[in-house]
Amino acid sequence: MLGEGIVRGLAETARNFLGSFVSKERLTTVQFPEERLPQAEAARDFPFLVYDGEDWQAGMRCVACQICEKECPPKCIFIEKSKDKKPDALGRAQFYPARFDIDVSVCMSCQICVEVCPFEAIKMDTAFELSTDDRFGGLLWDRQKLALSDAHYHAIHPTDAAHTDELLAAEKAKAEARTKAAVAKASPAPMPQPPAPAAANEP
Amino acid sequence: MSSMTETTSAANDERSRKLTAGISEGQLLEVSMGPHHPSTHGVFRMDVVLDGERVVKLKPVVGYLHRNHEKIGENNSYLASMPYTDRLDYLCSLTNNWAYALAVETLAGIDVPERAQYLRVITAELTRLQNHSSVIGFLVQDMGASGTPLMYAFREREKILDLFESLTGSRMMCNYMRFGGCRIDLPAGWLDRAKKVVAGFPQFLDEYENLLGTNEILMARTQGIGALSRELAINAGVTGPLLRASGVNYDIRKVDKYGIYDRFDFKVPLGDNGDVYDRYMIRILEMRESIKILDQAMCDIPPGPIMDPKAKIRGFRPKAGEAYGRIEAPKGELGFYLISDGSGNPYRYRVRPPSFVNLTVLEDMCIGNYIADTIAILGSIDIVLGEVDR
Amino acid sequence: MTIEQVQSEIQSAIPGAKVEIILNPSPSAQHSLLLDHEHVLAVATYLRDVSELRLDYCSNVTGIDWLPREKSEKVKVKNLVEGVEQEVEEVHKTVVPGYLEVVYHLFSVEKKHGPVILRLRTEDRAAKVHLPSLTPIWRAAEFQEREIFDLYGVIFDGHPDLRRILMWEGFVDHPMRRDYVEPDDYEYEPTPHDHVLQRSREESGRH
Amino acid sequence: MTETIDQIFVILKHWLVGHVPTAVEPIVSELLSVVPIILLFPLLFALITVMERKGLGRIQNRYGPNRVGPCGILQPIADGIKTLTKENIVPHSADKVVHLLAPLLLVMATFLGYAVLPVGRNMVAANMDAGVLFFFAVGSMTELSVFMAGWSSRNKYSLLGAMRAIAQMISYEVPLILSSVTVIMAAGTLSTVSIVEQQSGYTGIFPHWFVFTPWGFAGFVLFMIAATAESNRSPFDLPEGESELIAGYYTEYSGFKFALFFLAEYLGMMSISGMAITLFLGGWAAPLSFLTWIPSYLWFFGKLFFFIAGFIWIRGTLPRLRMDQLMNFAWKFMLPMALINLVTAGVWRFMPTGILRWLVCSAMVVAPYVLLGRGFMLGKRLEKRTYRFAD
């Protein structure tokens, strides 16, 4: 009670005061708009829809299976299935989302939609400076706003994207093998089935 | 039976009556501390009756952050509740994840691969480090140190949050664990960075003890304040560092040996007085033990799969039944009680929040102390309102 | 100690106590004991102080709302109605009245074991929702029973301070009940999400 | 030359006064003393706020304000604009007149103290014979305004804060004055100017400051502790203790009135530091004889800066005391120490110069300090504890 503890404390703060001028370990502040930390590869903010090729409408991987809509915890995804079908990357006729809206004011960036998607069609973006002055329209993203290219996906999540490509390639090979077998069995070829994981999810 | 008279809340009323004996109603000051108050850690309210500066009655009022988390859980699938558990105790999302995953795994009988168990231990212990460090920071902040200890704690916490970000993609809402494992494997170089952070942590603890460990003011403010007896602590279901500060050797990591905690060599620090100082020191000592666990876990972590191959992400429907799973979260026993009716959503999804139950004894600890002490006592309970109110 | 041993121990220690085992078919195998209202305080005191179990720590108190004739409760209904004839695996279409249930998870700090699970059931969901409070035995139940009173409407007799805890004073309904309907009177502000949520509800209704 | 620079403000004032009619000469002369104080110290206050925020920032391993102007130096201007443009909220049930008067009175009272502070050679607004007495007398006026603020706000936190403030300020005024009485005894005068002049001599290169005697040092430490409490600074910032009482007596103040409280707190801190400098640290006198060429007012402000830095450092380190501990500390430690110190000063005065005088007087101060300190420790059983570990 003679003040030794207080003196020790004062010495410690003095050490930190001086240390903050010399050591980066101590002064960890990152002065944001000028300095930016590199983003972690696993970073996630809001989902986007991956499309292959140049045209976002033609190349969209999403087949409007609505699994993500059902699994989304805060129910921020809304999908309307198309009436007609369009060919996907493998050339098979698939439904596509006539509407795909995400309310990013509600989305909590949990990545569940990415995990449940059997088509590798929805992924997490890393853009985070998304403020807008339009509370209603500006935060309800439609499919055009959500569509981002596969190249963008490769740019932000290289490891993940490489893995996805492998999966898709395997899928493609399987589908081709199946088509070939089907062709060998009987021509004309029957309507190709959706890939296996989707089938597994039908309740 | 002997402990019954001491542990009931009627004892509080009795003490209140004694303290206010001979004081007319008009001389007492009723203060509603909170829900907007700098040191109630969110939107917590204490209806305090003061005689001068002395607390003669205190009723905690909670619910300002109530969002019926359990109902949300009942209306969502098992998987979709996982990100919601992040938001319970938003400082320790990873331990929340683990508790929930453990409950579901118990319910459905899912195994967790070795590597995933190690990942869970590493992330949970890192969570404990960052929670305890910010708690002791907040505690001293509440006692009027203008931010310095808290900033030091946050400096270290940031390093751990950076690790979480590079592993799970998010700093606080990690949403990392799944039924039967973990979501993603460690990125390249993560373990080395984590080792560096953990190796630097004892230095921070030493620094922290230098700053405040022998500080006369801190000792005067905390020693002998808010002492919680062993009997009351057990009877009132107090868990976590609070319980151990009262001298009860009860750490679920040791008792249940969930996950792989039986493989690690660590000890459980115990206090004798159960006052604020003990709670403060127990947390510091627990951090040192956590560092030991982390050192062992990061050394031993084996390669292998991180998800049970049988575990289903989509369309998960456990058999009808029920299960209670609990872990030693940084704040105490965090339990999840699930009842399945065989459908995709739990029939009942119950969270046993540690800080909510720990609040039961707030009045017992505060009556007769000064109003400044209530702040310190509340800080030492370590509540997070996201969990209290659910 | 198996659940049957606990049952027989209680029954021999407290004559007249009705203790029924509720089996849990899930892999967790956490079976529970259904107690009657009259003897529950005696049983609880016995379990805490006298029994070899020394269940001095009540960890978790849960309220559950079982609706009448809920399809999902067919396993439990069979236990309740037929008791011994558990091997019969046929679906009964009996109308079982709904009830509210309170579950206590007990552990022992001294002996470091558990959980022993106790259940209490009300007679129905509307008028006879009284249960004896275990707060005098385990203080840990104080806030949790208040919460169950608040969210489920179980009235605990003997609770020292039975008030609403999470909802505000003056709130009328019990929001955790399965048939709770959200009132339409809260402060309302339109957001774009309403539109999305409405449509997604309609959509999921179709599935 | 150095003489001219040292006296430049005095010369300037005389020159200006010489140009006005004789009738208004006293008024102009006073105005020329008062206006610089009213301009300079608030400016210093602005500087200190930014210094404090940056200093605390560095202590806490962060930058502190660095966005407004170069290195954030213009931050006080931004803060000033903010507080001036904020809405002035007066609680519905507040006593509106008193609510308005309290901050005004507080600032006025703190400004009055500067009248007797010699900020340089021949630079004092009012050279009173009872300068020290005047300083403490107007200093206690702040208590009144603090209570006015707390009472008129009709807020429980304000009331509690005001009650704490009154108790604390009155209690600490006793050791504050008792510790300065030693200096008055030694100097034999109540005039601040003569107290400084008595300290401005040198033995060799070392100055004759009162702090370099056992009783002076003890008195200085006691004075500074009491001064910290008087100016409501950490660790004695209970009246406004934000984690307990939101903002204490000024909870219900906003906008410019809040800024006035803030200004008064810093002005009070500076004036009491100025008094400590005057009493114990030789006022404007240079610390070493060969440094006398540096103008005296620079020495005064240099020392003031040193004091402010100390206040900031302490604020960045210590947690707050509790009310009863604060009072115990005042009456059970500060008061006995101040009284013992008074006796020590007397012994020092009557003992012959020499090493024995040093030993006896030092022992007279250190022994009670150790005894009282240990007594505190034992009485409360405060100790660093050891802990058990279970497997």
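For reference, chains read A, B, C and D in written order, and residue numbers begin at 1 within each chain.
Everything that follows uses one rule, which is that contacts are C-beta pairs under 8 Å (C-beta built on N, C-alpha and C of every residue); 3 or more make two chains touch, one makes a residue touch a chain.
Everything quoted here is computed from the prediction, not taken from an experiment.
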{"item": "Distance-to-centre winner among chains (Cα means, whole assembly as reference)", "value": "B"}
{"item": "Chain of greatest Cα-centre distance to chain C", "value": "D"}
{"item": "Chain B-chain C separation of Cα centroids, rounded to whole Å", "value": "25"}
{"item": "Gap in Å, rounded to a whole number, between the CA centres of chain D and chain B", "value": "43"}
{"item": "Inter-chain centre distance, chain A versus chain B - centres from mean C-alpha coordinates, in Å", "value": "32"}
{"item": "Distance between chain centroids, defined by C-alpha means - chain A, chain C (Å)", "value": "40"}
{"item": "Contacts with two or more other chains, residues of chain A listed in rising order", "value": "1, 3, 6, 9, 12-13, 16, 26, 28, 70, 203"}
{"item": "Multi-chain contact residues (two or more partners), chain B", "value": "148, 152, 155, 211-219"}
{"item": "Set of chain D residues in contact with two or more other chains", "value": "59-62, 316-318, 382"}
{"item": "List of chain D residues in touch with chain A within their complex", "value": "55, 58-63, 66, 313-314, 316-318, 369-370, 373-374, 376-377, 382"}
{"item": "Contacting residues of chain B [partner chain D, same complex]", "value": "29-31, 37-39, 50, 53, 140-148, 151-152, 155, 211-221, 223-224, 247, 249, 254, 267-273, 277-278, 281-282, 285, 370-373, 375"}
{"item": "Interface residues, chain B side, partner chain C - complex", "value": "1, 4, 7-10, 62-63, 66, 68, 70-71, 106-109, 232, 234-239, 248, 250, 255, 318-324, 326, 333, 335, 337, 339-343, 347-348, 350, 352, 356-357, 359-361, 389-390"}
{"item": "Residues of chain D defined as touching chain B within the complex", "value": "56, 59-62, 156-157, 159-160, 164, 234-235, 237-238, 241-244, 246, 315-325, 380-385, 387-391"}
{"item": "Chain B-facing residues of chain C, complex", "value": "24-28, 30, 45, 49, 56-60, 62, 64, 70, 72-73, 75, 103, 105, 109, 112, 115, 117, 135-136, 138-144, 151, 160-161, 164-168, 175-176"}
